[in-house]
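Next come the structures, one after another.
Note that subunit A is present in both complexes that follow, paired respectively with subunit B and with subunit C.
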Partner chain A sequence: MAADVHNKGVTWDAPNGSLVPVDRLRSERSDSPTPGLVQGTEPGAGQEHAMFMHAQSFEDLAAESESNPDSDQAEDQSVLGESQEASEKEGEEEEQRGGAEPEEEQKDQPEENQKQHQKQKQEVQTGVRGKEEDVTSEAWRRHRKHVFVLSEAGKPIYTRYGTEEALSTTMGVMMALVSFVEAEKNIIRAIHADGCRVVFLHKSPLVLVGVSQSSQSDRELSRELQYVYYQIVSLLTLTQLNHIFQHKQNYDLRRLLAGSEHLTDSLLRLLDRDPGLLLNAVMSLPLSSSARDVVSTSLQAAKAKSLVFSILLAGNRLVTLVRKKDQYLHHMDLHLLFNLVGSSSSFREGEGWTPICLPKFNTAGFFHAHISYLEPKSDLCLILVSTDREDFFNLSDCKRRFLERLRKRSAYQALQEAVQTPTYPVSQVGIPELWHFVYKSKSSGLYTSPELPVPYQKEEEHERLIGLYRYLHSCLHHPTRPLRSVYRCGDTENLFAWVSTITTAAFNKQV
Partner chain B sequence: MLMISPRMASGTQEKQYTPSLLSFFIYNPKFGPREGEEEKKILFYHPIEVEKNEKIRNVGLCEAIVQFTRTFCPTKPAKSLHTQKNRQFFHEPEENFWMVMVVRNPMIEKPSKDGKPPTVEYQEEEILDSVYGAVLQQCYSMYKLFNGTFGRSFEAGGVELLIQKLEKFFYRYLQTLHLQSCDLLDVFGGISFFPLDKMTYLKIQSFVNRVEESLSLVKYTAFLYNDQLIWSGLEQDDMRILYKYLTTSLFPRHTEPELAGRDSPLRPEVAGNLLHYGRFLTGPANLKDPEAKFRFPRIFVNTEDSYEELHLIVYKAMSAAVCFMINASVELTREFCEQLDALVGPQLTLLASDICEQYNINRRISGPEKEPQFKFIYFNHMNLAEKSTIHMRKTASVSLTSVHPDLMKILGDINSDFARVDEDEEIIVKAMTDYWVVGKKSDQRELYVILNQKNANLIEVNEEVKRLCATQFNNIFFLD
Partner chain C sequence: MTAMRVDAKVVMLGKESVGKTSLVERYVHHRFLVGPYQNTIGAAFVAKPINVGDKVITLGIWDTAGSERYEAMSRIYYRGARAAIVCYDLTDSSSFLRARFWVKELQTFEEHCKIYLCGTKNDLIKADRSARQVDYHDVTDFADEIGAQHFETSSKTGNNVDELFMKVAEDFSNSAFELMPEEKGVDLGQKKDSYFYSCCHN
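And then the complex of A and B:
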């Protein structure tokens, strides 16, 4: 893969790894999740167009890929993705999962997120990445959580705050520390100072470093770094990542990832605010079981040969997930898909078609995802994941059939209403003084949580709340000293969490 | 240096190794700033056999870690480095003087078939930073107690003198570190106080006053009974480390003769007169011996301001021990020691039996000694008072606890949580073994309780702890 990329001889040998002046590079970044791929990593993609494309441009893509001498290679690659499944593909029965057994208490709920969601998106769009910060300033240091990604040659790939260029020395030191400890056949994990910790994660060929000013545990921080790692793998595949660095150790990976930083930014924001990523669970859209059945069967009926997963989302909540028999979608992959959809508004403009690697499924190959909103203004988003790069029209047709069926059986209306129903307030649970809670059902991988009450609505307080849940989670699931329950009474709130054989719950109660 | 714990799994032949000291070094980056001079930075390195280049490399890594951490927290230096195989603890007790302790993680060695080398699994979550960080700080405090600060030694005799002192002290001290049995009590480094009625307490105080009056050379006095402190004239921090030295090192070395029978050869000559049982634990073993030397260990106190160097005289009669501290510039003579012996010996003997009697009365009132109903640890940050019913006697070599090590670590975890915020808090957790562990922090006081009531619920546990507070700490206010 890397070889053919190299053949194009674009800019690999540029002294600083990039011919384009940095400022121009930045300004050219598009909203597309993977425009960096344009540079030729996915040969079928052609060189001038973003990989992610709207329907109109699809023909161009097909035409180009045919004339592209590298397309053989591309095929090789998608085979990688497929071959693994092949053995399990027989009897193309589909199963449904997700929202199958929503908790009793969930009944009247939804809405809320819409606004929040949109706001979030806007933030991403305006994309004040705060890049131009002075990395020696106190303000830069005081960011609650820094995340850095670098290559094994110590080249900067990503920083959450500031510019990679300004941090190249710091990242060089990070790499030096990592390799120094590894030279002793040991592995560096973390450095602790009072009120600050630095966590290292070496996932060859990348090195990830997190710096947290909060009391977050090393394990949690390291898990978040893994998420970032998988985010990057999802854009490139691990195979390709390895090829690139085997070929040229000090390659500047930012060239390939240019424009995708906002995905990592928004993933990190999700990690700070969404308990789902912490709990390895997703929230489902409350819906009557009959309505959900209709949605699910409609989605099941809209099948195509290469279609592996069909996912219907309402904002950040899952409506239904249909998968090929024996194919499982890891919650981490699902969250990466959520993040992809949630952080790009471009999908609202038409049908999107983008290659994506689902790293927990297979780090070697790309899937191709058809992403579109059921209506431009709606929060309902359909993701169809296929193994076939040429499948755009098939999947587009699947969507059409799904919509038709949905309308015919008048489930669409119910769905729309569910999306617009606000989520439930905590008072509905009927426990006096209870401020907030999170409940996860282990068997279904779903969690539920009421809307944020006043004291937690400010961004800072929201993140503090998630921090508290993170603390409880980390106590309960300590790798060698797990606990059955934790109760903590402090100045501002009382916390309680317990694990039963089937559930995890965390409560938050007023003092 | 590998310690095999008794928790060896039978049958599977797994070997479990407890945490152990890998290396311990002290350096000052200012002493060898130029390239090629790195060795000069190193003031002490254990184990001594380590090859020079490796020493330099390891010191270099520490410098790099410290420097790197400053990027993010310029004011708060690095405290520990976690790696798969070990933990390194950093402590900068004086400017530019760094002490580093490297502790190997506990590990399990699993034999593998086909004659391959056994696989080793490191248990990375077992070592608590707070505990071993405190152990490292204690190393410094103990060094300082007997040697004064690094800086003073350096001023007095240059690097040579400092290196000499460090080697002399740490060579022996490191052998007494028993890393596998460190726990929450090391974090507190507290002092156990002897509970006493007012009358007896006043008797002791008047005794101390009388002696200080008669022997004007005595600058500070400390009085202990049964290895527990009753009265001290020293500053808290100095007393805390002196107490540690007395109870874990000096007293254990001298218990044997008293326990030995009357006719045992171990029993020391009772110096001709049988009027009292007093004897010196430091200095001359027998006053009547014409060869007796009147040299006492020297200690350094108040190093922050007045920086005093003192002779430490420890005198004991039965279970009562008194420390007399005298300015080091005074030379102590046979006459002084005889005078002290004659004055203190009979009085202390009498006082010791008084305390013993009083103590027995109190015990009878409160009922016969039984296994304490509650297992708890209490620590007060203000007066450093600590009390534990979890630890049987803690000696230098072993700390016997009556609970599972994992529960002790949960206590440590709760303590670390408390240390992070400055508010009053309460934490109640239920372990997988169904033990309840309760931690309360209230107004500088910390209380940890372990309850073995499998079927109790949170409310009952809370009630139970309230009852404990009422009986054991009735005069201490705890936040509800």
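And then the complex of A and C:
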């Protein structure tokens, strides 16, 4: 497919290497309670030329950095998402990674913990943030994973459970620990005590602290903290964060983050439950390749000058992604977009138009995302990412054209049917006794996984299953002795994980 | 389907959780969503045709997020607006201070934009008079001073909501002739340069 989806000839250079348009003048605004934001990086500053300054920054990609997603593919655009069935796996030629399977690890899970899970579950179900919680209570202490974000002045910015105010002393102590160690030109990474791991991540101007009672490693926890850090950056940009704290060290950042706490909450839940965040991959919607081709071509045809990424989602599954030539969307940024859409009903109310920083792309500036559902009751959500904050109506028109084109094809019918049945039973792959698997295609950054069978449907079992995958994943990607395959027998399930140049799969068989 | 045609740009402004989204929901979809409050992210756009006399006018309504995080970009939403519905919550006095901020902002940058002050959630006041935190006469005085219209609405009961938007559409319809040649409809592509020169904080 020939493909530059978007028009050529646009140059994206940053003449003065700065985000601020050279000749921008100042003008008075009414008094605002918000302290001065950096000119040119305030949400919405159009930064067309600056946007592509640093291509991708993969520098702090978690341990296993991925090769450039399909950079060597002939097409200028990549269409992600293939229907993955067992039979197709054999044919894949890329190196892949697989998750893993459950096994008995209940020993590590005292009954208390189980109760805790149930409690968490209730909170989630009622959609109430555990904000009212008493931070001195046993119940609060027993949460399996706490996450705190604070400023370098020790001011609370976010806590997963309880209120920030109630935790200001605790956070002050955390900051004291960090600065005490740093005063000696050292970095505090983790403290292990009393069955708890306390992991620190200092990403100036923020300090993130995770406290976990699970079996997760420090590395994994630290990676999760990174996600939270990027979540915050995606709302404000790093430039703006730095600017704010340079001007006012003890600024209360919660003011600017107000209303976004549920995004971080939901991101943390995803981290607990979605193997994609572990695998650096997103889940694809099973769909026949012919139908997907039609969807992708229609999406490609709906171009606009400022459009960089067009993403079609079905719930939390990717249908297709079209990108501008030479621009890549990092999986972390994609997860942040998924999380934004998945945790806000606000986009159902019309066409959303919001600034968003994709921190793995560029922490300094905002893109503008046009977010809308294809039809009012549909799960199909289209995200159009643009460099131009003035371009709303053009993007809105792109959506209209895409939908118009799609409606004329029978593929639309196929797509809608696929959305009705986004999952498949594990039996479909035809391996007897297989309970569950996760399969990732490394080249495409996609994974597929069947629906959770009975033993794993309960919330705590689901999280236990993810814990088992995490374990297998950590064996395959051990920093010093990575394994190519793992097999482990347990009381309730056997685990198998395999990294292969041909195929990777992870199985979970009944004993 | 043809490309979207919008006659009048209308922007909803006001502190978070005062009920801007609920007002639009009520007006456009005739419903009130109960359940946990979901703050708007960025802004949401809906186009809504409305009959005024024998004409159909399409209002392009921008429901903005009240969060301070988006304040600095608010200009892209209200720029070129013909009407601004500045909302405050009748049960929250701080929301009225915020409304004054928006009024000042509009007066400075959008002199052609008509302002409608809208006190929301009046069902709460009707249920319990002591819940009122913003004095009716203070607001009418302020409205007179700035030449704005004033409404008190409830998105829960629907009270006064249609009237508000009807008034917006009528006023637009009546004034449209005067301003037509210069600025018609909404074209975000226009005036880009002037925008760049004036959108920043200090």
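Here is the rule we go by: the second predicted complex is superposed on the first by the 378 of 511 C-alpha atoms of A that agree within 3 Å, B and C clash if a C-alpha of one lies under 4 Å from a C-alpha of the other, contacts with A are read in each partner's own complex, and residues count from 1 in each chain.
The criterion applied here is as follows: a contact is a pair of C-beta atoms (placed from the backbone, for glycine too) under 8 Å apart; a residue touches a chain by one contact, two chains touch by 3 or more.
None of the values given here were measured: they were computed from a predicted structure.
By the touch criterion defined above, A:354 lies against subunit C but remains apart from subunit B after alignment on the C-alpha atoms of chain A.
Judged by the touch definition given at the top, the superposed model places A:393 against subunit C, while subunit B stays out of reach.
Once the two complexes are overlaid on the shared chain, A:364 sits clear of subunit B and of subunit C alike. In the superposition on chain A, the chain among subunit B and subunit C reaching more residues of subunit A is C. Of the two partner chains placed by superposition, only subunit C is touched by A:344; subunit B is not. By the document's definition of touching, of the two partners only subunit C reaches A:236; subunit B does not.
Of the two partner chains placed by the overlay, neither subunit B nor subunit C lies in contact with A:253.
Shared contact residues of subunit A with subunit B and subunit C: none.
Across the complex, subunit A meets subunit C through its residues 21, 24-34, 36-37, 39-40, 42-46, 127-128, 235-236, 255-260, 340, 344-347, 349-355, 369, 389-393, 396-397, 400, 404. The touching residues of subunit A, counted against subunit B in their complex, run 141, 146, 170, 173-174, 176-177, 180-181, 186-196, 198, 211, 215, 218, 475, 478-491, 496, 498.
Those residues of subunit B that touch subunit A in the shared complex are 61, 64-65, 68-69, 71-74, 76-86, 123-126, 129, 406, 409-410, 413, 417, 420-421, 423-432, 434, 458. Chain contact summary for the complex, subunit C toward subunit A: residues 1, 3-4, 16, 21, 24-25, 35-36, 38-46, 61, 63, 65, 67-73, 75-76, 101, 104-105, 108, 186-189, 192, 195-202.
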